[in-house]
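The structure that follows is given in the form of structure tokens.
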Amino acid sequence: MLSFSALLRALPGNIAQGMIWGIMALGLYITYKILNFSDLTVDGSFSTGAAVTVMLIIAGCPAIVAVLIAFVAGCLAGLVTGFLHTVLKIAPILSGILTQIALYSINLHILGNKANQAINVNDYSLLLTLRNTKMAILVALIFAAVLIAILYWFFGTELGSAIRATGNNSQMAKAQGINIDKMKVIALSLSNGIVALSGGLLAQYQGFADVSVGRGAIVIGLAAIIIGSVIFEGKNKKEINFSILLGSAVIGGIIYYISIGIVLWLKLPTNDMKLFTAILVAVFLSVPNLSLGKKKEDKANAGN
Amino acid sequence: MLEIKNISKTFNPNSVNENKALKNVSLKLEDGDFVTVIGGNGAGKSTLLNAIAGTWLVDSGSIILDGEDVTRLAEFKRAKLLGRVFQDPMMGTAAKLQIQENLALANRRGQKRGLGWHISPEEIESFKETLRMLDLGLEDRMTAKVGLLSGGQRQALTLLMATLKQPKLLLLDEHTAALDPKTARKVLDLTVELVEKNHLTTFMVTHNMKDALNIGNRLIMMNEGSIILDVSGKEKEKLTINDLLELFNKTGELNDSMILS
Amino acid sequence: MKKLLIVLFVLLLLVGCSGEKGGDEGDKVFNVGVLQLIQHDALDKATEGFKDALKDKLGDKVVFDEQNASGDSANCAVIANQFVANDVDLIFANATPALQAASTATDTIPVVATSVTSFAAALNIDNWTGMTGTNVTGTSDLAVGALEKQAAQIVELLPDAKKVAIFYCSAEPNSVAQADEIEGYLDALGLEHQRFTFSDSNDIAQVAVNACEWADVVFVPTDNAVASYASEDQFSKPVIAGEEGICKRIGIATVSLSYYQIGYKAGEMAADILINGTDPATLPVVEESEMSKMYNPSIAAKFGIEIPSDYIAVE
């Protein structure tokens, strides 16, 4: 019954959806890897992006403008988390959770107090759709490439370099006169802006926005980042170009969704889908721990 | 250069853990002073340094640095006036950033950071020259991550970064304490060299009495949040380790007798 | 990591080499993709009914590829994509996001949906004519007149009840609309009522306590959150449910359409499409279904409520 060609034919769709979540992982990369801030806002801001995009397109806004406004909406969500953390001195995880909870209500309002809003590909001109997966890959690829280029540039500027220092060693950053609170707010905004943008892409891709579409986004994003780093960093801790590290997060997203595709294709009992997805991803994640070379290096860097 | 007037700081006030870390401390540093600060554990020497750096705000009193009242100024805002080296060699540099990126960050201390590239080709050249002075071969590893360097190398780099942009005051917080004796020696020599070359006003906390005596033109001893000795010039040159030990003991006895009475 | 890449590469090679496809004979076995949003009593029933109908019509000439998005609406798109890639003969979409993902994924493969309250809203169709005009058709779970019957049921089973708590998730527009409607019927019956709502499923227990403190009887509309997350012991007062699944979970009784029946009806429509080649675009969406009085034997017994003989027990 299992046909490899079926798996192959499903591949473009899995890649497209994986890339969209990979773009989400790019946003998460900023907080998780660069700022060293476990930001749980993303589950909410992803849905915000989806909701804003769909409502704007229905209101007659061009799709590309809609996702850019979704980006701004995401930035605002990040700004709130940043405010809770830096001004009200609430712990990082709790700040993110609070914003995420608040966003649930806000997202409902954006969706016109409905949990679900359709955006029919037959009636609206969308950037990408599940109807045409190869085109969707192309569009997602363009978004990913442009974002990676922008992030590569941004984190090479004085400001970006100050954000990296803040995430790596806040004491050092302060001693260099860096306003670390400001850096955190900027990074959180940028991160959630990208997350919301990817939410806007997913809503168009699947043809609807759902108030809970971002539920679990953080898990998928983290999985994408870590799968990507397993593949590209691996054993050799050589200097890896920042743009490749970012690209690896996108590829991690693709691999995650190909994994789900494989689980579906294997026609395992449907109730076990999440279990097998988790196992498959765990296999990817355990690879670096099973090689001794990496462990040594981890120890060498343990001081940071 | 630095004028501290009657500053006090109490940690955990009104609790069992209440700790009066600084009691009405006043101190004036002249331009070019190189002060070494000694004292037992909990004497308040690092607390005094942190008060100047702005790690937290003092409860009362004022701190005037280069004519500017910085008493209520946030730590990162004071940084434009200060060069700092910490006890922990990991603390002064960003491990995941390259050597040249760390230097470029230090070269913009106190400046607005915009969307210009974080480092210029001229800077790379000048950093290379500066690093050559350390004689650690770092000038050939400019793009290596700082995390790959040893503790001594990192501390030397931190010292360079602290003085790269002439600070009004250099704050050294037991910056050789975590290093092995040989490396500590090297870093200390580098400290003296850099301070002399740049004519820096320096505030150096140390636990090493010999260093405190040999280096600098002024020595301060602290005990229980107060300055109990402040000597400079000729007077300091005459001071010996025995004098200091005696003073240490005396304060100890003084304390004991105070407690007993 | 090299190993990993090699494994992926070999996998792709295998994929490339095995491109042969099953032959198309006259005795075609239909391949039907079943896409269900979440594990849920009502939806499970609908899927069961759908499969039973197709098996009744096609015997062993139909195979099902059953997938469940496990509550992640974004997974609906992955599954729909898989079905389109597999070139299934028909997609059965169970619940609104499943329908939306399936109809986005294909405009050629017939999509038959159920457990969707409004096809017009789900598909963003402005001028609703009763047909979608596309490759989509199905059966709605909108129960016309159900609320009026359920209000009457409160009086029938609990003649002493004076205060009715209306309990639902404020994020579900369907629930809000039903609450608006039943308030009118309750007023007509002279019953006092108050709304008790939550927006996060974690708050169900707390809000349920408040509702039961105030009321003599609780009314729950067809609310997905309650259907998925509420439990019997959270309610110290009898619950009249908006549908069968909720009744089975927490209610004493309901007047409900049967999800098995709407699933079965969808299955009959699917059979019509597969066997007779009927165009789903011209097959009207079934927007109204027959209802029956149902009761939950164990919970009704717990509250000591006598059930008339025209009620059937929920399974």
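A, B and C are the chain letters, set down in written order, and residue numbers restart from 1 in every chain.
Simple rule for what comes next: a residue touches a chain if its C-beta (ideal position, glycine included) is under 8 Å from a C-beta of that chain, and two chains touch if they have at least 3 such contacts.
Computed from a predicted structure; not experimentally measured.
Of all chains present, the one whose mean CA position sits nearest the global mean of protein CA atoms is A. Relative to the C-alpha centre of chain A, the farthest chain centre belongs to B. Here the spacing of chain A and chain C, counted between their Cα centres, is 31 Å.
In terms of their C-alpha centroids, the spacing between chain A and chain B amounts to 42 Å. Centre-to-centre separation between chain B and chain C, using Cα means, comes to 69 Å.
Put simply, chain C touches chain A in their complex at residues 1, 4-5, 12, 14-21, 36, 39, 65-68, 70, 72-82, 84-87, 96-97, 100-101, 103-107, 121-125, 134, 171-173, 176, 199-200.
Looking at the complex, you find that chain A touches chain C at residues 3-11, 13-14, 17, 58, 101, 104-105, 108, 113-116, 118-123, 129-131, 133, 202, 205-208, 210-213, 215-216, 230-232, 234-235, 257, 260-261, 264-265, 267, 270-271, 273-274, 284, 287. Of all residues in chain A, those touching chain B in their complex are 154, 156-162, 164-165, 168-169, 171-180, 239, 300-301, 303-304. Partner chain A is touched in their complex by these residues of chain B: 53, 74-77, 79-80, 82, 84, 86, 90-97, 101-102, 104-106, 108-111, 113-118, 143, 145, 147, 161-162.
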